[in-house]
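Okay, so chain A shows up in both of these, paired with chain B first and chain C after.
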Partner chain A sequence: MAEKAILFDTSRCTGCHACQIACKCWNVLPSPTRLNENTFSGTHQNPPDLNGATRLIMTYSEADGALPNKPVAWAFGRRSCQHCTDAPCASICPSGTLYVHEESGMVTVDASKCVACHYCVTACPFDVPRYNGMQGKVNKCTGCVDRIEQGIAPACVSTCQPEALSFGDRDEMLAEAEKRLAMLKSRGYEHAVIYGAEEIGGLHVIQVFKYGVEAHGQVLDPKVSPITTLTNIMKPVTGVVAGATVIGLAVMFGLAAGYKRDKLAYNAETEDTISLETGEVIKHGDGQDTESVKEHITCNLPIGKKGGDHE
Partner chain B sequence: MSNARVQVTPEQAASDQRFLTARKQKGTERYIVRHSKQARITHDVTIIACLLLCVTGLFVFVPPLTQLVGADVVFVIRMSHRVIGVVFVAVPLISAIMAPKGVAHIFKNLFAKWDSDDKKWMILFFPYLFMAKWIHMPDQGEIKSGQRFADGMLWFAGALMGITGMVMLLGSTVFTLGGDAYAVVLLLHDIGFFLIAVFGMAHIFLGAGIFQPYRGTHKLMFGDGLVSESDALYHWGHWARKELKNGKNVVEK
Partner chain C sequence: MTSHWCDFRNTDVILHCGSNSVENHPVGSKWLNKAHELGAKWIVVDPRYTRTAEMADIYCPIRSGTDIAFYGGMFNYIIERLIEPNLADYLAGKEVPDYNFEYLLNYTNASYLLDPEYDFDVESGLFSGFDEATKSYSNNSWRYQTDSVEEWDTTGAYAWAVADGVPEFTPPVVKHPKRDMTLADPMCVYQQLKNHYTRYDLDTVCNICGMDKETLELVYETYSATAAPGKAGMILYALGQTQHTYGAQNTRAMSVMQLLLGNVGVPGGGVNALRGEPNVQGATDMGMLVNEQPGYLKWANTTDRSSLRKWLESQTNSDGYYTNKPKFMISALKEWFGDAATVDNDYGYDWWPKVPSKKTDPDYTHVSTFELMSQDVIKGFFCWGMNPCHSAPNASNVRRAMANLDWLVVADLVATESATFWKAPDMNPADINTTVYFLPAALIYEKPGIVVNSGRWLQYRYQSLEPWEEAKPDFEMCDLLWTEICRLYEDEDGANPDPILNTKWDYYIDGKIDPRTVAWALNGYRISDSNLAEGKVDLLPSYSKLAADGSTACAMWIYSGFWNNNNAPLDPSAQPVGRRDNNDESGLGLYSNWAFSWPANRRILYNRNSADMNGKPWAADKKLVEWTGEKWDLVDQADFVAANNGVPVPPDDKSFFMLWEQNARLESYGMVDGPLPEFYEPFESPVGENLLNGALSSPCMSFAEYESTKHGDASDYPIVATTYSVTEQWQGGGQTRMCPALVEAMPAQFIEISEELAAEKGIESGDKVRVFNNRGSVEVAAVVTKRVKPLQVHGGQQHLVGLTHHYSWAGVFGTEAATVNDLTPNVVDPNSFTPEYKAFLVNIEKATGGER
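Here is the complex of A and B:
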């Protein structure tokens, strides 16, 4: 199977929410249905953001239009997992819950493995994974790999009536995106742009933004956070340093085998510290040491100079 | 301590001889009280909690371990990690409230000015770890200079783990911690674990007396809190002489 991708052409989107609902239906995700149960967000965007039971939302942005015959620029967006090639959520996930589906390149989810560590939530440059507190599991778009494996397009794509969403081999989707972009440019949409060709190693959701990246609510030049990189580094570093510490301590233990020293006693009257084995005074008083570091190391060695000056 | 003999006056030698004879006749040994019962209980409960936290934390920190036991077992481990974490934070705090003077004493020692013996001890410490049979160390006060550094790191790492752990616990239950803030707190928690792992292992190696020159030191915290005169003179010479001269904390048995 060739690498797959979803293509989203914002110029064809009618903002109908069908993709959002299809996602809910296919993945059996509940939604508040009672009257006024959802807080009004002030826009058509509802719910206001992704949540533990919502993997995809349509976003709505209303800006001043640049063209004289279109004074309002309705910029619809699709907020969901972008299925990064170098997915930081998958690389940081300790349990194998999030992983890249090798056949399609989609970043999918095996919720049964989730240990609710939140690492993925912190790593995503698009702020996509959501923790479902009730289930104690993370929730995000799976790329519908269950459908892809059966030769069916993801649920959101299948349901899209204006054909704003399409699905196929990634190379083909990129080529199609180029055509759509050329068409938009020819019609005067100078800020139109393709998103997802190179970002985070290349995304598996290719988007054609009619009014530019930010107008459609996407992250301009997304980057993996240095915190995520550091967190990924911390694990091997801790392992190596802890292992080296254990080896070092074992060597110290081995080298000190057979160690013994004289028992000591202190005569407060004379201020002498005395060896109980030999009866000899090894220190008088309580002054600061006067030997050099080198003398400390060499004076008891079986070779070289012996002596001390604890007078 | 050096094996070299020190010259003393004949009067001193005679006094030392009388001292040794009297000591032998008595048949007892002198010990110095080093740690109070409260300090020992606090230390022991905290260290057991810390070890359990390290083990339970590994099941999230090390991916192969996470995958080996599966999500359900990790869930139980994570919940126990939270409960033990509360013990790890609460016990030292309660103890500190009960004995503020003890806390002040600990931190006074941690930040005490380093004298020339302290500096020399620190320079000699790493060679000593590999050549303990030959290198003699300068005398030390109540807390060795290296011990001050290591203990300071453990205090710091422990506090870091406690604070970040509590923020994550509350941030996933009482309030919602944002992704970026959670990432920073999680990284700090991982850094704290790194420090605890390294300094904790060294602390156990020395403090539990696994390292031969430190044999018997486990009794200071896990036993009766007494240190023998001989061990005290070897490890904390300046402190031992002051205590033996003063006699207030000296026990004979």
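Here is the complex of A and C:
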């Protein structure tokens, strides 16, 4: 099997949410079922971020349009694992839960091995892995390698009717992305760009953005912190004595705070968005944020003050 | 649709007006993307910047409810910029590359002379023939001047009309219209059209509709470029066009636009209604309407269709294909009443109920049904697969009306608002004496049967799982009810037994009701060799074999040919409706061997118009039909007479043969509210005057006089509101609110508000907003967005808001909410009886305690 990739082409995406829902259905990820249990975000983006039972969301951001006959730029995005070639989550994972599926290059998950150390959460340059508090396991896109091994595309791709998502050999997806980019440029989308060709050693989700990287909610020039390498030193210790790593974890938290820079965190409790660089609340949800950055980082950890995740 | 979904890719310009198809028809967006990538321009005209607008090249805002001003401006633009400057050249025999005069002159009624009495009075906003007392028109002056008359030759081509077994009727006379092929006569349709729309200049249209002139002109210029021979533009519309007090005139306006541009009957063209539900096309075809029975044949009524003879004389066209209507009608009656239907009893016609049709009669259409409940006229109600307490306009009026019923039967998948109307927050169950019966219905996947999509494609679908617990397919519920009703009549007698006991009901296989035998009845069969009760049938190949002498039975002539394989009558996969061959021999996406397209597997209606007067296609690379000099080379099934008794018929101008004049109508006497689309403001308008004529709202709109409509004025309710759906939820939400992942993806209904209006009212995204008018008050969540902007209307700033309507009180898993349709007015279009959901007035404020 050649190296594979998902291509997400925003020139064809209609923001219909079908990928998000197909992901939940195929992977048997529960949605709230009690009456009035869901809260509305005030936009089309629901739930507002990834969570312990949601591995893929569509994002929606609005800006004033730059094209003469398009007064609005309504950028649809895909927030999920990007399946890095040099996947820091996989390299840091002490238990073998996250690993690169060698045949396809997708970064997949064996949740049965998860020791809930949360290294992956801190390592991910895209802030993707979430914890399922009920199960104490990491929850992240698996790349649907179960489907890929059977010769079928990931669930999100199969369901996409406008053909904004496609799946195939990575080099073919990149070549297709070039064609799509040229099409967008010819339609006047001058900030259109391809994302994923080189980032983090090359991603296995190639994206073609109409309005530029940040407009579609992605990280411009993502970096793996050198501390990930340092952290790897702790890995054998953590892997062998998974239950007795309190000290090791404490070190990790210190390190983690160090390399989560240039990132935003979302607190589902307060519905605030926080800059991890400055500690400032970028966008208020409800009321003032009273917790420190460190508290925000640690609140989802097993030994943090809240014990489990926000689920 | 006159075309079909896959035909989108053949277009040069896509125009969305009154539809948001990538949101509401997400599967079809694939074909729009294909067109776009092949180079088509894409225009969206909509009050909001929608998901579809994001996909398009040009977005043009419009005030809700002003579509006819927009289309009228387009007609004026086409006439001023394309027709007038080139007409003399064309008549002098010169090449005109930018406009298709051959189409206009030969395939439309542009050259027909109208009655000298035909008139339109700008001062009053009325066409000739208006009767003030009844608020209705006589259409006599909207007809053509007659050149010559011709009678049916009942010894030749029309011998069937006087054959044994055919009921007696006087055949119609063909009145050949007078024409002026130079389009100079002041009474010709073209001159009248031109004069009518000179008022619709760019400035006036912008002032009414609220877009800027530059954008409007770009839209007109881009779309009217499809007037060039060989170019095609398609209009995609949905409820945004039909749900108005002039909704049918909106549809007429789109048709006139497409005819002026030569876009009807060509690949990538057409007037394309995107139907709202997976099978709403089928429901419409099957005659779930008060005025039409299956196959668009009119029901019996108490005036011009009070007897079979009157039906045949009023409904049979003098020329064209509908001269065959008696065959369809007699075959339908033979299926209804079987052996009991004979020529001596008018094939049982009088057993049919007659729709009251005098102007003074009560009205039994959708909206007025609830008025009749309020008036104690209707005491029992079968509510089958619909949820009027949620989806009908002025929904609080609907639930109060239903509280007046003695009994109510609801057949549905889930306990909808209608099934639990007494539980509404404003109802007191102690005061309500209605007995409610709930019949749990099987979901689409729990029953076999046929669905029809917007492109008229019929497909047989197999059952994939057993219905849940006691739920049953609708046809099984019908069967249980019907057999019990018949048993009661036989055992205990009852009122009016003949229609009941003479109705044929033999749709069983192995003693069980089965949709396959219903399919035989819909397709039609020769009676002499068939006995449905014994499982024996002699299926007809197509409707061309139907007879008016009682020898054939057919419940649905337009579907005929969809189930015609006599070798395996019980095997859906062996029938045309079961075809699954996705090879496209046409190269145009016709996919003629996939499913069956009514009528006659014709994929693009009116396809004669894709070729010129010599039968040569306008676009050489998009050939549907072509005259070779000896015969017609048919890529699609011909929608014209290509051969007569096996002899090829050379090309002529009879390109719309479903009309008696066989040319399309730019002007039409077929509408009840005017022969040309004229702009009127909605029932509730934010402005005090109509800038185009002296009538503010449509003089013919229905039910505005009902007290329950509670008209609101702009002084109290200054904001224009419209309603729509989101892709994550579906209509009343009964089905989608049961899917947790869909509820999670769109957990609430909301109001979209511009940043400007939100600032004025102190509202932020996520706040609870109270939306109110004279009919109701609802609280919904706010979405403050750049995608809605105030418009400049009549020189001032006009705010617009839009509401979704998927939640209410009957949620089990979802979100409890108010009923948005408490706000919408129960006034309707007089042609189609469709309510005006899409333009009405409200005011808004931040709800008390409305912060998130």
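As a working rule, the second predicted complex is superposed on the first by the 226 of 311 C-alpha atoms of A that agree within 3 Å, B and C clash if a C-alpha of one lies under 4 Å from a C-alpha of the other, contacts with A are read in each partner's own complex, and residues count from 1 in each chain.
Everything that follows uses one rule, which is that contacts are C-beta pairs under 8 Å (C-beta built on N, C-alpha and C of every residue); 3 or more make two chains touch, one makes a residue touch a chain.
Bear in mind that the values here come from a model prediction, so they are computed numbers and not experimental data.
Participant: Should A:S31 be classified as contacting the first partner (chain B), the second (chain C), both, or neither?
Facilitator: second
Participant: In the superposed arrangement, does A:P47 touch chain B (first), chain C (second), both or neither?
Facilitator: Only chain C; A:P47 stays clear of chain B.
Participant: Regarding the shared-chain residue A:A2, is it in contact with chain B (first), chain C (second), both, or neither?
Facilitator: Neither chain B nor chain C is touched by A:A2.
Participant: Which partner reaches more residues of chain A, chain B or chain C?
Facilitator: B
Participant: Applying the document's definition of touch, where does A:A182 land relative to chain B and chain C: first, second, both, or neither?
Facilitator: Neither: A:A182 stays clear of chain B and chain C.
Participant: State whether A:P71 touches chain B only (first), chain C only (second), both chains, or neither.
Facilitator: second
Participant: Touch check for A:A18: first (chain B), second (chain C), both, or neither?
Facilitator: After superposition on chain A, A:A18 lies in contact with chain C alone.
Participant: Could you tell me which stretches of chain A are touched by chain B in one complex and by chain C in the other?
Facilitator: 286
Participant: In their shared complex, at which residues does chain C touch chain A?
Facilitator: 22-23, 26-27, 29-30, 33, 37, 49, 51-60, 215, 218, 726-728, 740-748, 750, 764-767, 781-787, 789, 811-816, 852
Participant: Okay, in this complex, where on chain A does chain B touch?
Facilitator: For chain A paired with chain B, touching residues are 93-97, 112-119, 121-124, 127, 131, 133, 136, 225, 227-228, 230-231, 234-235, 237-239, 241-242, 245-246, 249, 251-253, 255-259, 261-274, 276, 279-284, 286, 288-289, 291, 293, 296-297, 299-301, 306-311.
Participant: Show which residues of chain A lie in contact with chain C when the two form their complex.
Facilitator: 12, 14-18, 20-21, 24-25, 30-36, 38-44, 46-47, 54, 62-64, 69-72, 74, 76, 161-163, 183, 187, 285-286
Participant: State the interface residues of chain B toward chain A in the complex, per the touch definition above.
Facilitator: Per the touch definition, chain B meets chain A at residues 1-8, 12-13, 15-17, 19-20, 23, 30, 59-63, 66-67, 70-71, 74-75, 78, 115-117, 120, 123-124, 127, 129-139, 168, 172, 179-180, 182-184, 186-187, 190-191, 193-194, 197-198, 201-202, 205, 210-213, 229-230, 233-234, 237-238, 240-242, 244-245.
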